[in-house]
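My questions all concern the structure below.
Labels A, B, C and D are assigned to the chains in the order they are written; within every chain, residues are numbered from 1.
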Amino acid sequence: MNSTKIAVIGASGYTGLELLRLLLMHPQAELVCVTSRANAGKSLKQLFPRFTGAPGADLEFIAPDADVIAASGAEVAFLALPHGVAAEYATSLLERGLRVIDLSADFRLDDPAVYEEFYGAPHPAVDLLKEAVYGLPEIRSEEISKARLIASPGCYPTSIILPLLPLLRKGLIDPQSIVTCSMSGVSGAGRKEAIPLLFCECNESVRAYSVPKHRHLSEIEQELSIAAGEKVVMSFTPHLVPTNAGICSTTSAKLVGDLAEVGKALEEAYNDAAYVRLLGKGGCADTKNVTRTNFVDIGWDYDERTGRILLLSAEDNLGKGAAGQAIQSFNIMSGFSETSGLLNF
Amino acid sequence: MNSTKIAVIGASGYTGLELLRLLLMHPQAELVCVTSRANAGKSLKQLFPRFTGAPGADLEFIAPDADVIAASGAEVAFLALPHGVAAEYATSLLERGLRVIDLSADFRLDDPAVYEEFYGAPHPAVDLLKEAVYGLPEIRSEEISKARLIASPGCYPTSIILPLLPLLRKGLIDPQSIVTCSMSGVSGAGRKEAIPLLFCECNESVRAYSVPKHRHLSEIEQELSIAAGEKVVMSFTPHLVPTNAGICSTTSAKLVGDLAEVGKALEEAYNDAAYVRLLGKGGCADTKNVTRTNFVDIGWDYDERTGRILLLSAEDNLGKGAAGQAIQSFNIMSGFSETSGLLNF
Amino acid sequence: MNSTKIAVIGASGYTGLELLRLLLMHPQAELVCVTSRANAGKSLKQLFPRFTGAPGADLEFIAPDADVIAASGAEVAFLALPHGVAAEYATSLLERGLRVIDLSADFRLDDPAVYEEFYGAPHPAVDLLKEAVYGLPEIRSEEISKARLIASPGCYPTSIILPLLPLLRKGLIDPQSIVTCSMSGVSGAGRKEAIPLLFCECNESVRAYSVPKHRHLSEIEQELSIAAGEKVVMSFTPHLVPTNAGICSTTSAKLVGDLAEVGKALEEAYNDAAYVRLLGKGGCADTKNVTRTNFVDIGWDYDERTGRILLLSAEDNLGKGAAGQAIQSFNIMSGFSETSGLLNF
Amino acid sequence: MNSTKIAVIGASGYTGLELLRLLLMHPQAELVCVTSRANAGKSLKQLFPRFTGAPGADLEFIAPDADVIAASGAEVAFLALPHGVAAEYATSLLERGLRVIDLSADFRLDDPAVYEEFYGAPHPAVDLLKEAVYGLPEIRSEEISKARLIASPGCYPTSIILPLLPLLRKGLIDPQSIVTCSMSGVSGAGRKEAIPLLFCECNESVRAYSVPKHRHLSEIEQELSIAAGEKVVMSFTPHLVPTNAGICSTTSAKLVGDLAEVGKALEEAYNDAAYVRLLGKGGCADTKNVTRTNFVDIGWDYDERTGRILLLSAEDNLGKGAAGQAIQSFNIMSGFSETSGLLNF
């Protein structure tokens, strides 16, 4: 089986951890370089004892340097860096001939003005924006296969965009009536030394945050607008719940088309999708069925009292919402089977 | 300090447990009778070892019988029974001169047809419906003080109705645009021998349920309709999250009035309320601040992009959402201070 | 790659679920028959939605019947049945030419009298006891490879026996001074409709149980006695802690040999073991590093104040403590690589 | 009811939070001064929103200064400071006429050499050591009532010392055979910005730590030695488990006296104790029955196979293990009822 040499840049957070975990077990990925400024000199298994015994877990973190990364022979680089920082590495690694899969927000938005509105700073690499492909494989498999630069989608967006797209495309729901509440496990908030993320602050706690304008709205609305053929503005409220992983998203919107078409639209869109599992009418997606997988589960229902369609989705925020999806793009761009190294139950 | 003799009927679930816990510590309540068909003969402390050492915890459960309950000298009976069953005991205890605080759904709805629609059976005691007071003390203190029969509100309804009422009354939001997502701790599902409630089924899991028409919609819409002066129909999706207790509700609705009035309306309504804590604009209510209290915390925000008002509330589903609220009504009807036995932090 | 046809008997509990999960992904196992009296007619994915999309997840549970099982072509049967029941199926399946891996306690003890003492009933198949191999691959790989009937060890025993064996064999600790405390996740208590296993009863709770004589003591002492060359009696206290999976065992015993030999004895015993990860002196095993793997992590320390050696081990109670270990034996008896289908991080 | 003016020094951790919570509700405590260098200028309710609505929650934290504290009129100061720092404030506050209840380890040990051995620095206030009373009210009520300086015991020690004392005093167990494993909720590790205390690092994790010589051994062995009349050295292994609060301790020791005396010894010692609840032979203490109370539950059993007595205890590490116990001493030294402000279920 042919394989590809991989570098992971900035791999000491929860997304980086899951990315490394999946890559260490991927039969067609060879991890040749991992960087972490804070952990340079440590091996993967020192930082993440869970990896002990994995072939490749003796690899040592190095300080990030584009030349050294390129010299490692890496063909593809995954960036698990903060936004703003990622753009810089993307630029220099692309220059050195690597293909880049960026898990940050830096290349997800087509419009630099929207980036500045939501991220509070001018876009750091406007020239690359046009080239970057928003890497949602269910809708851009073709572009992903040819891309040099993938902007892998955010965790919330994946769980919200996928159920909505088929309905918006067919004009079945009113694009201006969308309301979403999402609940995320705590790993979504990052691996940061911060009091609000301590066990005793999150356990036995449920709370909304980042209201009313979470940054992920920018990419969600971009993709929904493309599908609807009009500018979509929606309501989105994220919540933190005491689980390690998993996002549950509940979305509703006014039905304006034929109810009988709703289930069909979802089936047509996703019957051949490797990682979308349709639960049908009345199916309530449960995060415990998707954690540690690349699946997104989607159920739906119709509330005849309010005339609203309900979309009930669940994914692993670190899997399909981050690391898994990035590897799915990697498989596609490498010509591998889309499920290579990603099929877990 | 004067005190009242109390009976608790059907006290072996989580609501019953919290009711007993609060009553055992209430300085003006004397527990004289507790019933539980399944646990007759056991003492409170045998069933709930947590109560060991509490004066009164040696009291034994008896099988429920209206005459025996009346003979205990109880002046007020709390019913912690399933709907349908509660109505029967309410009738016979009222006949024997007790005042009744019912924590079930049996007397919450004014219209027996709505009861039948949502609970799937004809109302068991239509005659008493007119007399019963929906016991939300923040809006019906006067009626509660004189009532013989209180229908104590459900857990979700309390967290949803309280933030919405002042805005609906002042016409600040569009009553037909309301969408609520709520997240409840597992105690809300009851103390039942059921696989879906096992630790390993709920831990590391988030899921919607009872979509699209949870029974609590009936009482929520009844109260919202009264406040709005028109029939209100809304979208409500409950979720189960892995905490013992706590409900977090996120509600949004289109602003149709003056934004500057929103905060004022909440303050006017609740500045003197003993158990409503207003968190102001931008305040995200967190269940961990209200568990084991009778408080409901309410924050709000305005999403200028969608024109929607966000209402962010949190309560303890067993406290303000059930047992605490029932005792608040008890205090009012007994002429005690509203905070007697209920102030905890 | 050659593969083996598999039947799983009694597969609706947590051990069965993990066994099925691992077998569905095993590259050399073909699941041809699954039985569950209570769930006959349902498919794997109906009972366990997590399996949706897995090749093989459409297989339907049948009622258990030895002839039907044999007719499925199964070459190896895993028994995930209660003790007492397992022996009966073992007998009839062996007669029909299948090899049997029993995850119950029925064939773990050499002495039927000890079985009767600990399990409260005469042994149901004494004749097979002699043939059965206690399937701890780290010490009986050779016997396992030839066995017709494997008694796969219990969850607590695996975590306790493995660290102790090398020290007992070399006479480094006093065999009569062993004290162990173990903490198990709730899945260890089974998937039973029982109040004490509800989320709200286990969450925010830690408690000892089955004191002072848990059934697993019988097999632990049997294996320790063989290693020590004398009858070993030890103190063992299991605790239930609020995690889904994982066992952490802390064992101490008086050092009677040379301290310098302790680390060496562990290394000699396990340096080539595929699934034992030695953490060295001062290493505290953490269940979160072994969940969903077949690893057992073992650290140790010396308390010079009391003269006691501390052994600190962690495993997944459903993995190396049950399903994973059974599959490890299956790999060995099938002539496959010991890590086939079992290497996860 | 007469009341006492209180200062709390260093009140921004979990122990401080619980101390403030209990004092805000204590009918005979008037909180007049709270200090926190990091949070000076904030009110109690700003730092801990849970306190909103409590009379007294508007009090503002000030930077710690002995003169300012004394000027507040405080009669008693609780110190919730790190060891080493506490001694300094104790000295200066005693000089200014306050009585001091220190929750740190600074005054728990009689022997400054043991302090230096376990805490790695010379004792900061040797002169006060002799005066300080180790504030375990169950055995030193008399001394506590007269003390100027109380050293309130540590969380683990309380759960371990209380069950052992009566048996050691009567010579029923071998003092050199004691082995304890304890499991603590995460609040025991403090409110610190540290990766190992993040939700995702503690949830679904069980691990031993501080082996083989946790600092609390020093005070445990001191008290056990007094009771046994000989120098006691014991084995103690603490574990971190994913709960907010609660300590479960399992202790075993060789029975050397009359088995029939064991239960009697416990009853004699604690039948009149306000906060010790004896569960009898076979009683397994469960942390969920003691959290948010000042109770310690104690069960026991006898393992005739090993000849060891098992002691099974549970307490709230922040309650009886810290803040509650300190207030119990406060009640005694103030001449209040021992249960004033402390009876919760």
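Everything below uses one rule, namely that a contact is a pair of C-beta atoms (placed from the backbone, for glycine too) under 8 Å apart; a residue touches a chain by one contact, two chains touch by 3 or more.
Which protein is which chain? UniProt says A, B, C, D = N-acetyl-gamma-glutamyl-phosphate reductase.
Since the model is a prediction, treat every value here as computed from it, not as a measurement.
Number of steps on the shortest path from chain B to chain D, with steps defined by chain touch: 1. Farthest from chain B in terms of Cα centroid separation is C. For the pair chain A and chain D, the fraction of shared interface numbers is greater than half, so the two copies use mostly the same residues to meet. Per-chain CA centroids place chain A at a distance of 39 Å from chain B. Work out the mean CA point of chain B and of chain C, and you get 46 Å between them. In chain A, the residues that reach two or more other chains under the touch definition are 185, 201, 203-204, 242-244, 286, 288. Against chain C, the residues of chain B that register as touching in their complex are 14, 185-187, 191-195, 197-204, 242-244. On the chain D side of its complex with chain C, the touching residues are 179, 181, 183, 201, 203-209, 211-213, 217, 233-235, 237, 239, 241-246, 248, 250, 252, 282, 284-288, 291, 301-303, 305-306, 308, 310, 312, 314. Considering their complex, residues 21, 24-25, 49-54, 57, 204, 277, 279, 286, 288-290, 292-293, 295, 297, 343-345 of chain D touch chain B.
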